[in-house]
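Chain lettering (A, B, C and D) follows the sequence in which the chains are written, and residue indices restart at 1 in each chain.
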Amino acid sequence: MIENAYQLIVYVLTLLGVYEWIYGIFQSFGIDYVLQIIIVFVEIVILFAFVLVTVMFLTWMERKVVAMVQSRYGPMVTGPRGLLQPVMDGVKLIGKEDIIPAKADRWIFTLAPFIVFIPALLVFIPLPFGKSLIISDLRVGLLYIIAISAMSPVALLLAGWASNNKYSLMGAMRAVAQDISYTIPLALTAIAVVMFTGSLSTVDIVNAQGGTWFGIIPKWFIFIQPLGFILFLIASIAEMGRIPFDFQESESELVAGFFTEYSGMKFAMFFLAEYAHLFAVSGIIVTLFLGGWEGPALPFIPVQLTSLVIFLIKTYAVIFFAMWLRDTVPRVRIDQLLNLGWKIMVPLAVLNLLLTGFIVVAGVI
Amino acid sequence: MNAAEELKRLLPNAVVSTGIQINKPLAVIRKEELLKVAEDVKEMGFDHLSVITGIDYTDRFEVVYNFFSYGKKQNLVLKVILGHDNPEIDSLTTFWKGADWLERETYDLVGIRFTGHPNLTRILLPEGWIGHPLRKDYDMKTEQFVMLGEDGEDVVSTDGSKLLRRK
Amino acid sequence: METEELLLNMGPVHPSTHGVLRFKLRMDGEIIKECNIVMGYLHRGTEKLGEMKTYLQFTPYTDRLDYISAFPNNYAYAKAIEELAGIEVPLRAEYIRVLTMELNRIINHLVFMGSLLMDLGAATMIMWGFREREKALQLFEMLCGARMTFNYIKPGGVRDDLPDGFIPKLNEFLKDMEKRIDDYEQLINENEIFLMRMKNIGVISAQEAINYGLTGPALRGSGVSYDIRKLEPYSIYPDLDFKVCVQSEGDSFARYMVRVDEMRESLHILRQVVDTMPEAKIVAQAKYGIAPMTGMPSAVSTYFPRIFAPPAGEVYSRIEAPKGELGFYIVSDGTTKPYRVKIRSPSFCNLTAIPRMVVGLKIPDLIAAFGTIDVVLGDVDR
Amino acid sequence: MPWISKNWTMKGIIKGLIVTLKHVFHIGGRPTVTVQYPYERMKLAPRFRGKHAIDEDACIGCGICEVNCPNSTITIVKYNTRWFPQFNLGMCMFCGICVDVCPMNALKMTGNYELADYTRESLVYGPEKLLFKKEANQ
């Protein structure tokens, strides 16, 4: 039984008939743990490459969706339908001068973009991209995800503070207030899901959603937990910091929020983190409520591949929704957002938890 | 009887003369009585102060107030004639809040001082600008440069040698 | 705990100040304690230029005051001179003038809606608005050869007659526009977030609005049924059937709704103008500046010499521009150049109320209130 | 929370989402309208006010355009024994007054609007760049 990506790599190598040979070489030197490290390293490289490509694709997709809504074409010149535009953007950003404001805190200012980026990458570790396509199936996977995403406000605060700019500081303050007030409903609704599965492991959650009722309706948690889904969706859009909840940037009020002073590669890091986060959060929504990679299996095609495709389709559907919403609604005001979070979302999440408790105890489903 | 004549009936001392300025009743009033006239004008229902214009006639200044009444749907033009040296006139900000910026603009561009104005500073030009541009004797030959000072406020000088782009 | 007031400089270069306006804000956290407006970054001395150019030469400069809606500027200046010199304008010219001005009102309100919603974070509307604006700009290009700075309405008439194929294209635009306004209203009018941001924000009562000298949609949003087109009818407005759009709440949303309604009303006016437009009697192209040589007034402009000096006098003439009351105070001393040109620009006077409106609100509210006042910095700074 | 009790359906937002979705799929006459500028161009109106052109035969070099230009864009210069206007397009605001006032109808404005350049000097367009012959043009 293949359980995670490590074992999958080993399995693929075995199929190719080279694993025994490579393993033999390493064993003859008595350093077979090095092979393990190398394979883990390969995994990380693949994940990193995947995230980078996804982020590039997402920036392109965002532009295209915005353009379609606005009766435009969007990027069309570089590459087919402008597909290479993100590459050009990257090249441009690398070529930009890296400006550090004279009165900024140099060290923290430089460090902040990396601190932003690392949690965005770490979130991917317990995320099941497909059957057995998971870096590590942590037993506390969901807790890990929520804990890691709760780290990002620290980095935003560092960035805002170190910039020594009033707009940056206000943006950072807003980001922190927002993240804290929305992590709570996020966690509470996630717990409601966990009450069904009895496990925090993401793989278990996905497996619990396999199969159908009456042969038609898939056993996704969205059908058991509609309120929970809506709350989680709203909370995660707020967590991602996208319109209608993009207070960290809110360009018409705070110029660019906490990354007002950043330029060049550091700016690109924030950008990267933002879109990686978007993908990760959408993936979590899919995992928790939309059945993850569960779906029809096709004959003759490895289940890993079909499940990956199904997962990506679902995730991109959620991402499309986020982009679509962004093009439709204006921004909420910061105090209204906090009111919404504390006065509506948290009580509703608790209510949801209570209802779920009744259902679980009654054993209806 | 138009509004200007009514005003003359109410305050015969304040109104110097009345007339018509292309469809609009015009009253020329004495500078000292402006506040009293303004009070009466406001009571007559002229609630909208359209515009304040300062005109430099090289020998005298004229300040023209255009009023409109939403209730009566009437116009009224008030004109005050000031001496050319040190032109000063009472501010109407207590009656019409909208007069605030219009008076500041008149002060800025024509150089008429409005006594009693809460914040009579330049509005379109930076503080420290030399001369009032809409005066006929304004020196248009001298170039003036605005630079950002140490404390973030504008600094005006006639010396442009410190500017980056200078031929 | 020791707290400190925050001094925040919004602008002169800021995404939502619509140009180069600077708010000096004294803030308590996110709440505005005091708002000072610093302007003049776009001051070009238009009034001084007016004193140095001849009457004809000054028309293109008026285009550059409120560059979003330049036709009303042209017209206000032309009307002032016509009143000063007692010039009769051909009827067809008046129809063309009203046509251009109402079309421009629609454009102005489109840009208003777009920029307001962009400031609120919904970037879609500005693109949709510009999509329709582009069609109108193409109409303007057909009409006078320029897209934003027209120099078309001149004292005594207009520069040129309507080109061939203009009316069918205009009709197409009008038909299209009706549907588009439905789209806009569906997109945003009932949007809960939008209502939350706009209702009860930047409230100003009718009494105060009048006292502060607000005009145009900003005043009509406070419930004062006032429109110079009705109160002091000019051009052919007395013959047209239209109503004054008024909302009573006086908040940002009321000001927004006034403008949306006005767009529909302008479409209504445009349809009437197209239907009742008098035919050109004199088809010969008597071009504007050549009038002294041909000596013949045309269908769209009266006889008007190249060197023109109106009689000495003073005039204050005002019109209802899309943003409010636009007035020109012109003093003539009988020479070819005006002695004094004073421009009463609606943006400048409407901006007066902003510091009063926003005290106690937050930065996002300042942006909403400022957006609904709808200023153009070219008009504020002149 | 009176607000949420009134608005919990989020009807307005859903309405907006429908309109934007209609635009995404071009339903009901909502096409893409962008013109890919350098590759395709819009048709200009015949009255478009772009770069000037001087009719070589008609121009008498009288200088009326020079006098009437609001921005002093025009100077009359000598070119091939005759006098013609020279335009400093860096100062021109394309108002068209010079065309209006020309007593000989010698000036016209073409549809050339791509006039960006690297130096101020190269924006001065002398008669050698602006002259045209009416016969040759027709």
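Everything that follows uses one rule, which is that contacts are C-beta pairs under 8 Å (C-beta built on N, C-alpha and C of every residue); 3 or more make two chains touch, one makes a residue touch a chain.
What you are looking at is a predicted structure, and each value in this text was computed from that prediction instead of being measured.
Shared contact partners of chain C and chain D are A.
On a Cα centroid basis, the chain most remote from chain C in this structure is A.
Remark: among chain pairs A-D and B-C, B-C carries the greater number of C-beta contacts. For the pair chain A and chain B, the distance between C-alpha centroids works out to 61 Å.
Between chain A and chain D the centroid-to-centroid distance comes to 48 Å (mean Cα coordinates, whole Å). Centroids of chain B and chain C (each the mean of its C-alpha atoms) stand 24 Å apart.
Separation between the centroids of chain B and chain D, computed from CA atoms only, is 39 Å. With touch defined as above, residues shared between interfaces to two or more other chains in chain D number as follows: 13, 16, 19-20, 30, 33. Counting partner chains per residue, chain A has residues 69-72, 327-329 touching two or more of them. Among the residues of chain C, those in touch with two or more other chains are 124, 131, 187-188, 191, 193-194, 196. By the definition of touch given earlier, these chain pairs are in contact: A-C, A-D, B-C, C-D. In the complex of the two chains, the chain C residues touching chain A come out as 6, 8, 14-16, 30, 117-124, 127-128, 131, 187-188, 191, 193-194, 196-197, 362-365, 367.
Taken in their complex, chain A has these residues touching chain D: 65, 68-73, 76, 324-325, 327-329, 343-344.
On the side of chain B, the complex with chain C involves touching residues 21-24, 47-51, 53, 55-56, 64, 66, 70, 73, 75, 77, 96-102, 105, 109, 122-126, 133-134, 138, 152.
Chain A meets chain C in the complex at residues 66, 69-72, 166, 170, 243-244, 246, 250-255, 327-336. Those residues of chain C that touch chain D in the complex are listed here as 53-54, 56-61, 63, 124, 131, 134, 138, 141-146, 149, 151, 159-160, 163, 179, 183, 186-196, 287-290, 293, 306.
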